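Submitted below is the structure of interest, expressed as C-alpha cells.
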Amino acid sequence: MIRFENVSTTYPGQNRAALGNVNVDIEKGEFVFLVGASGSGKSTFLRLVLREARPNHGRVYVAGKEINRMASWKVPALRRKIGTVFQDFRLLPNKTVAENVAFALQVIGKPKSHINLVVPETLELVGLEGKGDRMPDEISGGEQQRVAIARAFVNRPQILIADEPTGNLDPETSVGIMKLLDRINRTGTTVLMATHDAGIVDQMRKRVIELSDGTVVRDQSRGVYGFQH
Amino acid sequence: MIRFENVSTTYPGQNRAALGNVNVDIEKGEFVFLVGASGSGKSTFLRLVLREARPNHGRVYVAGKEINRMASWKVPALRRKIGTVFQDFRLLPNKTVAENVAFALQVIGKPKSHINLVVPETLELVGLEGKGDRMPDEISGGEQQRVAIARAFVNRPQILIADEPTGNLDPETSVGIMKLLDRINRTGTTVLMATHDAGIVDQMRKRVIELSDGTVVRDQSRGVYGFQH
Amino acid sequence: MQLKYVFSETGNGLKRNVSMTIALVVTIFISLTLVGLGLLLNAQANKAEDYWGSKLQISVVLCNQNSRSPHCTSGETNPAQQAAIVDILNTHPEVASYSYETKAQAFKTWKKIYVSKDAEERQIYAAVTENDMQNSYRVTLKDPQQYRGVESALSGMDGVDKVNDLRDVLQPILTTFNKMKWGALVVAAFLLLAAVLQVSNAIRLAAFARRKEIGIMRLVGASNLYISLPFLMETLVAAVIGVAGAALAVGGVMYFFVYGNLRPDLHVVEWVSWRDAGTALAEVAALGILATLIPTLVTTRKYLKV
Amino acid sequence: MQLKYVFSETGNGLKRNVSMTIALVVTIFISLTLVGLGLLLNAQANKAEDYWGSKLQISVVLCNQNSRSPHCTSGETNPAQQAAIVDILNTHPEVASYSYETKAQAFKTWKKIYVSKDAEERQIYAAVTENDMQNSYRVTLKDPQQYRGVESALSGMDGVDKVNDLRDVLQPILTTFNKMKWGALVVAAFLLLAAVLQVSNAIRLAAFARRKEIGIMRLVGASNLYISLPFLMETLVAAVIGVAGAALAVGGVMYFFVYGNLRPDLHVVEWVSWRDAGTALAEVAALGILATLIPTLVTTRKYLKV
C-alpha cells in the first residue's frame, strides 16, 4: 500500500537530511506506529505519503503509483484515497459537527443525497450519534478528535494517516481514540500513526517503525515504544 | 503569589462555564502541576493568570495585586513578572537562538549592554551554551523548548507558566525539560505547569491541582497523575 | 524604548508588504493630488468671482458709424434715442442702477486689455482710435438672474447696437471652474475612501505577517505603544510619500501650466498664485496625515489589543 | 462541482472583506473611468486632426477697404502688389503649393460657419456682405513646422493685410486634447498599478481569512479549480462592478457634457460620438477584466498551490 525505496529528503536551506535512505513497505490493512524522538522525521514521512513534500532521492509508492512522478493535477485524486488526522483536530469552528464532516464530501463534489446518507452513518461509527448539531467548542477534546477522524474516514479512504492524534488528549481519552482507530483498521483500512505516547504503543502491540535522525533504526512486527535494539 | 477567589468564567457564546468557583492559593516558590482531562479548563486557568482572559465572577490575585481591576496599560508590567512557555515553542523562525532570547528583552526596552550580559548566561543555564547562533530549525524539539524556556526566564520573572511544555516531545526529551524546570523552580521561581503527562507528574511528586469540567476536584501537596480521590 | 528597533521594523514592514505599500502610496498620492487641484480650482473660482464681480452686469452698447445692426440705420445714436433708452433704464423694475461709459473711457479700458507681445498685432492695435469705440450703459441688476426683461426691452430699440451680457461669456468660465473643482473633489473623495480602507487592510495584512512577533511581544510584556509604533510609522511613511508626490504634482501644474501657460498668455482673469498653491498643499498635507493616521489608530487598536 | 458552494463562498468572501472589496472596486472604477476618458480624448484628438487637417495651412489675407493695417494704405490690394505676392509664393523654398480664395468663396464659408441660434446675432450676420470678406492665398507648406520665413517675408509686403496662421489657433486646442489625454492615461496607469496590486493583496487577505478551509480542502483532495474558483469569482465581481461604474461615468460625460454642451453649442470641431464611446468602453472592459484576472491567477497559484 505504501512503499518507500531509498527515500532521502532535505528541507530547503537545511544541511541535515530530514529523512535519509528510508526503505519501508507497508501492506494493505496493516496498523503501523511511527515512533522516534522529536525531529526524527515522523511528520516528514507522513508528508511524503501525502505528497505535501517530495523526496530528493528515491521513490514513494502509494496504492501502487509512484507519487512523485504524478502530475500535480492528479494529487487531489491521491489525497481522496488517504484520510488524515492531526494533533490539533483542525475543525472549522463556525460549522457544526455534521457540517464539518459533510464539508470533506462537498468540496470533492459528492452529491447531496450521498452526503445525507454517509455523514450520520460515519458519526455513529465514531461514537458521536446525536451530537451532529453541536459546535466544535461545545464538545470535549476527545470528541473533537472523533469528529476529525469521522471527516478523514467519511470518504472511506484506503489509508488513514494520523500525526500524534492523542498528543492533546489526556491518557483516558486517548485510549478511546486508539480503540476507534483499531476498529477502523479492522474494516481493512491501512492505518499509519506517528506518536510519542509510549503507553499506547506498548498496549496495542502493533508493527512499530522507529526513526532516529531520519533513518529507520527499528521495524518490528509486534513492538513496544521503548524497545532498544 | 497566585490566588484565585471564587473564580468563574464562561467564554462568550458558551453555555458551560470554562471554570466554576475555583479557589486556589499558590505560594511563592511552589511547583504546581495542573492536570485534568482535555477541556477541563487548565489553559483557561493559565490565561486568567496572564490576564489574557478575565473572570466573570471572583478575583484573581497575582503578586499581591488583583489583576482584573488593573488598568490595561499596566498589563505589560504584569506580564514582565511572568514567563510563559507553550507546547508549540513559538520561536521566531528567522532569528537565531540568541536573537530569539534577546528579542524578549529588546521589546521591553532593556539596554543592549544588559542584553549582551544576560542572554549568554541564560542560554548556559538552560544547557544551550555554544548553540546561540543556530537557527530554530537546526536544533531538536527539546532544544527548541529550552530556547523558549530561556526566553521566558531571561528577565528573571517571579512566576513561570508552562502549558503542556512536553506535549510535542518524546518521553526522554521530556525528562530533560522537567529537570530544567525543576532547576528554575529551585532558584525561587514559582512554576505552574499544565500537563497530560502522567509519567512526569508521577515522577516529580509535586503539588497537583486537578481540574474536571472547570472545578478543582483535587489539590494534593505531593500528588501523582492518576490519583482518584 | 529603542528607536532603532522601531525604525528597522518599519523598514522591514514596508519591504515585506511592498505591493500593499505601493498600492497605498499610489492611491494616497493620486487622491491628494486631486484634492490639491480641487482646492486650487476653488481658489481660482473665488479669484475669478472677485475679479469679474463688477463685470457681471449687462452693458447696453449704443451705435457708432461702423455699427451694422438694423437698429443703427441712422449711424451714431442720437440724443432722442438716448433719452428713450435712459427712460427705460430709469423705470424698468429689473434695473438697480446704471452708469454711462463714454467712448473715451471704453478706449482707455481697451488699451489696457489689448496689450500684445506680437509686433504686428501691436501695429494693428495702434491703428484703433477712440472713434472705433462705442458709448454704452453699464446696468447693474436687482437680481443678477433676472435680466431677460430689460434685455429684450432694450435690444429692440433704435440706437441700441447690441445688449452685451458679460455673464454669457464669464459665467460659463466660472461654471467650468466650479465643475472642474467638483469633478476633482468627487473623484478625490472616492479615492480617499479607497485609501482609508487600504490603510486598514495594509495594517491587517501587516499584523498578520507579524503575528508571531506580536504574540511574543504581548506575552513578554512589551507596551502597547511599542507594539503599534512600527505600524503607525509604516502608514505615516506611506502618507508622507503620498503627500510629497501630491505636492510635486500640484507644484508641477503650477509651474508648467499656471505660470508657464496661463499667467503669461491669458489675461482674462487673475490666476492662482504660489501662495494659493501653498495654502492648498498645507490643507492636503493635513488631510493626508489624518486620513492615514485615524484608520491606523482604529485598526491597530482592533488587531493588536493587549 | 456544486456551483452553489462556489457562489455562496464568493458571497461570503466579498462580505468578509468588505473594506478590501470596496477599496478595490473604487480603484478599478476610477482608473477605468480615466482610461475611458483618455481613450475618448484620443478619439477626439484624431477627429480634430482629420477635421482640421486641411486647415493647418497659413493664409495670406489681402487688403480690402476696411483694412486698417499699415500695409493697406492704398485700400484694396492692387494687381501689382498681388503679382509681387504671387512671385514670393512661387519662389519661396518653404512653400509647397498655394491656392487663391476669392471673396466670394470666403463669403460662402463664412455663411456656413456663422449660423447662430440667436435671433439678434442672425440679424447682425445678415448684414455682412461679400465685400466685407477678403481675398486670400491658402499656402500649403513643405514642412508644416517651417513657416516663419515665408510668414515674415509676406507679412511685411504692401497689400497684405495679415498672415493668418490657423495653427496658432488650432494647434493649442489639439495640444490641449493631447495633454488631457496623456494626463488621464498617466493617472489611470498609476491607479491601474494600484488596482493590480490591490487585487493580489485582496487575495492574500482572503486566502488568510480562509486558510483553515483551504487547508482542509487540500487535505481531503478538493481540486485546484474548486479551491480557487471563489477567489476568481470574487475579483471578477469587483472587476465587473468597476467596469459598470466606469461605463456609467463615461456614459454620463458623453450624455451631459458631449451631447449636452459641446455638440449643440460648439461647432469648431466634430465631437466624439456614442460610437466612439462604445469602442472606448469595450477596450476599458477588456482591460478591466485582464487587469484583475491576471493578478488573481498569479496570486492564487502562489498562495493556494497544492
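First chain written, first letter: the chains are A, B, C and D, and each begins at residue 1.
Assume a residue touches a chain if its C-beta (ideal position, glycine included) is under 8 Å from a C-beta of that chain, and two chains touch if they have at least 3 such contacts.
In this text, all values refer to a predicted model and were calculated from it rather than measured experimentally.
If you take subunit B and subunit C together, no chain is in touch with both. Shared contacts of subunit A and subunit D, meaning chains that touch the two of them, come down to nothing at all. Distance from subunit A peaks, on a Cα-centroid basis, for C. Remark: subunit B and subunit D have CA centroids separated by 69 Å (rounded to whole angstrom).
Distance from the subunit A centre to the subunit B centre is 31 Å, each centre being the mean of its Cα atoms. Rounded to whole angstrom, the centroid-to-centroid distance between subunit C and subunit D, based on C-alpha atoms, equals 22 Å.
Not a single residue in subunit C touches at least two other chains.
Not a single residue in subunit B touches at least two other chains. Viewed as a network of touching protein chains, the structure reduces to one closed ring of chains, two contacts apiece. Pairs of chains meeting the touch criterion: A-B, A-D, B-C, C-D.
Residues 50, 72-73, 75-81, 84, 90, 92, 103-104, 106-109, 151, 155 of subunit A are the ones that touch subunit D when the two sit in their complex. Against subunit B, the residues of subunit A that register as touching in their complex are 11, 14-16, 35-39, 137-138, 140-142, 164, 167-173, 196, 198-199, 225-226.
Partner subunit D is touched in their complex by these residues of subunit C: 19-20, 22-23, 26-27, 29-30, 68-70, 120, 123-124, 127-128, 155, 162, 187, 190-191, 193-195, 197-198, 200-202, 204-205, 208.
Listed in rising order, the residues of subunit C touching subunit B in the complex are 1-2, 5, 212-213, 215-224, 226-227, 306.
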